[in-house]
Amino acid sequence: AEVTVGAANVSDYLDPGRDHSNVGSQFYYNAFDTLVGKNHDRLEMEWVPALASEWKLIEPTLMELKLREGVKFHNGEDLTADDVVFSLNRMYQATFPPYVVRSKDRLSNFAEAIKIDDYTVQVRVEREEPLWETLLNLQQVMIIPEEYTKGLTGDPKVAEDSDFEAFSLTPVGTGPYKVAEFQPGQKVVYERFDGFWGEQAPLEKATVIRMPETASRITALKTGEADIVTNIAPDQLELINADPNLKTEGSATALFHVMIMNVNHPHLKDPKIRQAMSLSIDRDLLNEALWLGKAVVPSSHTMEEMGQLHQPDLVTFEYDMEKAKSLLAESSYNGEEIVFDAFPVYYTNGVLAAQAIMEMWAEAGINGKLNVTEKWTGNDPEMMARSWSNPMYFADPFGSFGVMWAPDGPSEGAGRFNTDEEYAEMWERFRFNGDVELRNAAYAELMDRIKQDPPVLPLYRPFESWAMKSNVNWAPKKGHIPYVLDFRAGSISFN
Amino acid sequence: MTDISHSFTLKAIRLPGIGLWKQANWIVRIATLVGLALVVLSVAAPLVAPFDPNDQSLISRLRPPLGFDRYKDGFFLGTDELGRDILSRCTFGLRLTFALALAGACISLLIGGTLGLVAGLAGGHLDDLIMGLVDAQIAIPMTLIALLTLSVFGSSIDIMILVLGIYGWEQFARIIRAEVKKLRQMPFVEAAQAAGAPPLRIAFVHVLPNVVSPIVVQFTLNFSNIVIWESTLSFLGLGVQPPTATLGSMVGTGRDYLPTAPWIVLAPALTILLLTFAVQILGDWLRDHADVRLRSR
Amino acid sequence: MIGYTLRTLIKMAVTLFVIVSLVFFATRLSGNPVDFVLGVGITEDDKQLLIKYYGLDGSIWTQYWHYLGSILSGEFGLSFLERRPVSAIVAERIGPSLKLIFGTMVFTFCVSIPLGIAAAIYRDRLAGSAIMIIAFLGYAVPAFVLAIVMIMVFSYWLNWLPVVGNSTFSHYIMPTIAMSGMWVAALTRFTRNAMLDVLSQDYMRTARAKGMPERVVILKHGLRNASITLLSVMGLQIAGWIAAGSVVVESIFSWPGIGEMLVRSAIQRDYPVLQFGVLSVAVAVILINAAVDIAYAYADPRIRLAKGT
Amino acid sequence: MIGPVLKVEDLRVSFGGFEAVKGVSFELGARETLALVGESGSGKSATALSILRLIEREGGRITSGAVLLENDGGKTDLRHLREDALTGVRGNQISMVFQEPMTSLNPVLKIGDQVSEVFIRHRGMSKRDALAAAKQGLDEVRIPEPARRLSQYPHELSGGLRQRVMIAMALACRPKVLIADEPTTALDVTTQAEILRLIKSLQDEIGMGVLFITHDMGVVAEIADRVVVLRHGEKVEEAPVEDLFARPQAPYTQRLMAATPKLGEGSTTREAGLETVLSVDNLSTRFAKSKSLFRKADAGTLAVDGVSLTVRKGETLGLVGESGCGKSTLARSILRLIEPESGRVEVSGQLLTGLPPRQLRASRKNVQMVFQDPYASLNPRLSIKALITEPARIHGMVQAREIRDLAASLVSRVGLEEDAIDRFPHQFSGGQRQRLCIARALSVSPKLIIADEAVSALDVSIACQITDLMLDLQQRDGLSFLFISHDIAVVERVSHRIAVMYKGKIVETGSWEDVLRHPKHAYTQKLLAAVPSPDPARRRLLDDRLEHQDIAV
């Protein structure tokens, strides 16, 4: 069987290590494997062997992994410990700047990978790591072939920057599909890889084509030019479901649309102002109106995917217009214009929500102004507030909140968020503690800090929908990070 | 018989209003009336619009116009994706669109007109230089210019006008230059020279007034091009900042609702149609008629 | 002739130089890729790292020098985002774009020239007015509205035409019509006006006095002359198509063309792609202008003789 | 007359509500030449175009009457013929030659194509045969190198050759009737003579009837057998040519005859002064082909080649010469509207050449110019008041509040009503417009007026009024004129002295009597011989001895 997918966006490059974008997340799982696998059918974390058949801690900071034998890369090479060490260290000890940038926020605790023998590797961390499996299951540490990569350009013995760049155009992995054709930004063609170590892929071929325009995507589905299309806005669901040949599948994605605020902006220094900005947003109304109630409005920065670390009872974020007004009255706010930046089309309903927020702010007495721009203003000291998304890169508060709000993390590094020793200490307890209860407690303390001096407000988990032919059985799986197009065995079938 | 020539060139051009109206056929008359109505509507927008164009009512989004199911009282043309009144947004949108297109066309005219006049009158290297600029402008996609300008200066209304004003200046420059070159060969210009008229007098008294009709025609073309182009910018996400409404931005951002809530797009699209249609017809008619005295030679 | 050619070439080179310089400075001054997609969610240190990595750390003048040097050496660099030679990207996109433009051109000319002639001949009749009204309507509808409405009608409801890609003839129908809309309107009017000019010429009367049937009079004697005027307009038109690209139509019909590439690279500040894209478009436009000039001279024997030195 | 081949009965033609031809009837016999004369706008062309029903394309309509063509014993009424049958008559049995040879030929088609087309259409020939026939046709009208012409384009041919091509096209199918609508008006007198001769001889060969339309009584006298005089769309007189010239009956015809300048009538000027107003010394002007950075300026054309002449106070110097010989260029060079290459120009002692722009402009008040086309030389957007006082205003010779008075006095000086000053140029007739141009020139009381073909665009009677006005002004104000014209009869009438220009050079200067009565230069002689004489008794032009010959300068 073959399928054609009409996607709103297609990656400009395919390199799991370098990428962590919402667009990119769609593409890696079909073609690449991690050492530690996960049962994606379940919400709870259930680790399963993947390229590593077994793993165990041999020291508190050293894990040993046995590699599966007989695994082949798409180019026919066998997977060995060298490939694994190469793949892991390209992130753990990154020299290629795009990897450097990517590895810092989530892999900084990982020191190195060491080859023990052809099918055994060890991974050393700096400090005791409570999230071993989680961080070995990351997209960024998917395994790529060493010899092939090094040989792409220049000296075949050395991994030059240009090798990694070339790799992102002609990616090779061990997954059930190989990337048979890749036109950056336009098209990805997967073909079944017969040498796959696991269960055979159900599709001979899957083609993902960029179709940026909503009407075209839906129409292509209807005319049969596509079997599945992505990014269906809630307002369109009714239209598609009314057609007996079509159906939609969707879920509240493991990602928050957020509003970030610059705590260091002269006009926003007073936390009361930011509290008011946050409290005056009626997120349930947004959900009701823009998402037909299908999105999920959180009260804390956790998700049910995080299992025991999900803390639904924590009330960090809420709607309270009266409180917002009174806080504003107490604050130093004098009607200064507060500019809210938003990307024009990137997020479903993003600009609509932003406009609605402006109205809500106005009701509270905040003089908001919307600024729609393609520019990423998150590093700009002038930035006051903007919309963004905070995906769950992996199923842990660290994989969502933590990636952005760690001490010296991207937010602080960009100058719009401050931490102090107290925060760092809370962070330590949350990040490295082996005990779930203690971690949760520490996280609650962090959330309290966030509540008092808010740099962020998660708006909702957007309800993302895919539309497809009625005979296609496909749906986003609960255990995945957002947007993954999973066509592996058991994920897609036809009737 | 008096000595006044009875020839058919004798037309009441000196009384533009009444004379032109009398010569006009029904299409032109309709176009004139539509144009006038739109002008009145846009001037009187605050009086005509039943609501504030930016007032949202999130619970009553996407309501259809009068006469359909789920119609909401008072919102004759329905509501948009944020529950705003389409009629009000249309009237205010028309007002802003009108202003933008008018200002944009004036700026193009000013830039292109000046350069075209200079190129046509001066000739030589200055002419080459200006025509080089025109060529360069033709070769650089306008969308890029818009995109870069808007991202450097932000997309405030002023900048928007500037960007729209850059659109089409080269057309003005070309046309006016060609017209000036033609006029410079006209015996009456030579006659003025022979009378001892200095260059500036020739430019402003003899040449400029005679390029008025091609300018008017180009102006109407440019005007409607700008209206359309502004909506294209909105399509690309480069239009005026929301929540401000222009006809173009309503169409550009509302397009995703065309299958499900077509009225969001229909009302502003029809208004655009009427506006540009009226302006075009008038422009074309002017081309055919107002220029008689030069063209009949 | 050599002098003329040389002069033309130098003029072209100067125009190109102006264009590439303008684009260079406009893009640099409006932010670098790290301010856009590449920089989302990274720290200031990381930002500096990337800026250095992409070679954006020198002063703008050094960068300009490098850039001019790279043009002269024919080496246009790698895309910041896709990390492949920009020439490869443009090469991949130029084909579909040219096909679309060619289709649009054929369609526009085939429709608007007969319409324009008819409108001129039946100027005072209802048919003439009707044609002109249709032409005006073409001018009054944004291309994307036309495109989406066509998609809704011909693909969504009727399922007659495909919406995505460019493989078969039927893929061309809607994109070309959507792209032609405005041009058909413009060219119909131009044809009509050119034809009206010609119809009142003395040689038309001569042809009739010779006993030529009306068809011959219009098509042989009339159209040939009108086409000289039209030629210069068409040249501009085609240049306009190429330059304006067709972002809108390309993105609606998922057509991997150059217009869309230009806009995307501009939005993301992928300088190498943008610069090379603009450069190739400008070269194309300038070449077409030159070609039209030559064709124009060729079509008009009066100019042909004068220039034939 | 062997019975008419073409008969026009009570023809009426309207343009919209305006009736241009009001019941005209006439007959044309085989081998006969019928001249249709009358002032501009009298309906001559309308009549001619109605015969082939081409008038409908011009926006006119035949409202009544009949056009009967003799056809194999029967008569065909062209007015009611079906369109396809009509196209079979056009160019086949009746053909037409038009005034403007340049614009009447299709500029983008080769000559061969345009001529052979007729054979293909009416004789059903193959392309190849038609081209051969076309070549023969060109040969017939005595076009040199006919084979080469076939592949040339109209603009590569001179006016005379073009008109021959038109005639070859018209005669291709040996028509019964040839309609020639002012076929020579756009041509030089010398070329005109050749064409007239050609038509006449071909008429003899083919035996067709010719309907010859003209407003030039000289041409009529040379070529016509009978004459029909039209006025305001009505026939006012019809007579054999000798009778008409000897005893014009209708008052209008008499007036027309009187207004027609006849070469040999002598000058009507008075004594001129002695003081030199204009002196031109060895003036040369060159049109460089093109100057640019990368092309050397080549030699270009020397349009004015070492011209010297003087004009005294109160004197008119007539300047004659064929089209393109450099008359206008000389006029422009004198005023430095074109920069001369070398030589001196002095106006009342002031040296114009080399004057900086500001002073040059100031000097313009001494010399004014009146152009050929009065409409084109008046800015259509300015009122008459503004127009005719413009020179005076530029030179600061009038206060703002005096403008009205000045304008009023100027219009009355050129014989117009005072209320004219608030009108606009398009509201006047051609003659009135030329008066306005003269008024404008007078506004600065110049010493010299250069009149470049100032009456060529006007009807004879109106031209006559204008020249009278100029003479009048000269006598009253002692004005000097440089009077440029290709019409020697007019020049004779107004000039004290005459200069003859040929290929950029003045080949002969002298008093009008010397030049016209005793021409010395070969070119002057040829020129004078080619002037049609308005006296049917003294036809000379058709004399074959006067063949075209080139003259050395």
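The first chain written gets the first letter, and so on, giving A, B, C and D; residue counts start at 1 in each chain.
As a working rule, a residue touches a chain if its C-beta (ideal position, glycine included) is under 8 Å from a C-beta of that chain, and two chains touch if they have at least 3 such contacts.
No experiment lies behind these values; they were computed from the predicted model shown.
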| Going by C-alpha centres, which chain is most central here? | C
| note | When A-B and C-D are ranked by contacting C-beta pairs, first comes C-D
| note | Per the C-alpha centroid definition, the whole-Å distance linking chain C and chain D comes out as 48
| field | Between chain A and chain C, centroid-to-centroid distance (C-alpha), Å | value | 40
| query | What is the distance, in whole Å, between the centres of chain A and chain D, each centre taken as the mean of its C-alpha atoms? | reply | 87
| remark: For chain B, residue numbers touching 2 or more other chains are 151, 255, 258-259
| note | By the touch definition above, chain D meets two or more other chains at residues none
| remark: In chain C, the residues touching two or more other chains are 31, 148, 152, 156, 267
| field | Pairwise chain contacts under the document criterion | value | A-B, A-C, B-C, B-D, C-D
| task | Please name which positions on chain A make contact with chain B in the complex. | result | 214-215, 218, 233, 235-236, 238-239, 285-286, 288-290, 344-345, 351-352, 354-356, 358-359, 370-375
| request: Mind listing the chain C positions that touch chain D in their complex? | output: 3-4, 6-7, 10, 201-214, 216, 220-221, 224-225, 228, 299-302, 305
| said: For a test of understanding, state which residues of chain B touch chain D in their complex under the given definition. | reply: 3-6, 8-10, 14, 186-188, 190-198, 201, 205-206, 209-210, 293-294, 297
| said: Taking the touch rule as given, give the residues of chain A at its contact with chain C in the complex, in rising order. | reply: 6, 12-13, 21, 97-98, 100-101, 104, 161, 165-166, 168-169, 183-187, 209-213, 215-216, 218-220, 222-223, 225-226, 374-376, 378-379, 388, 404, 408-410, 412-415
| query | Which positions of chain B touch chain A when the two form their complex? | reply | 54-56, 58-59, 61-62, 81-83, 151, 154-155, 237-238, 241-243, 253, 255-261
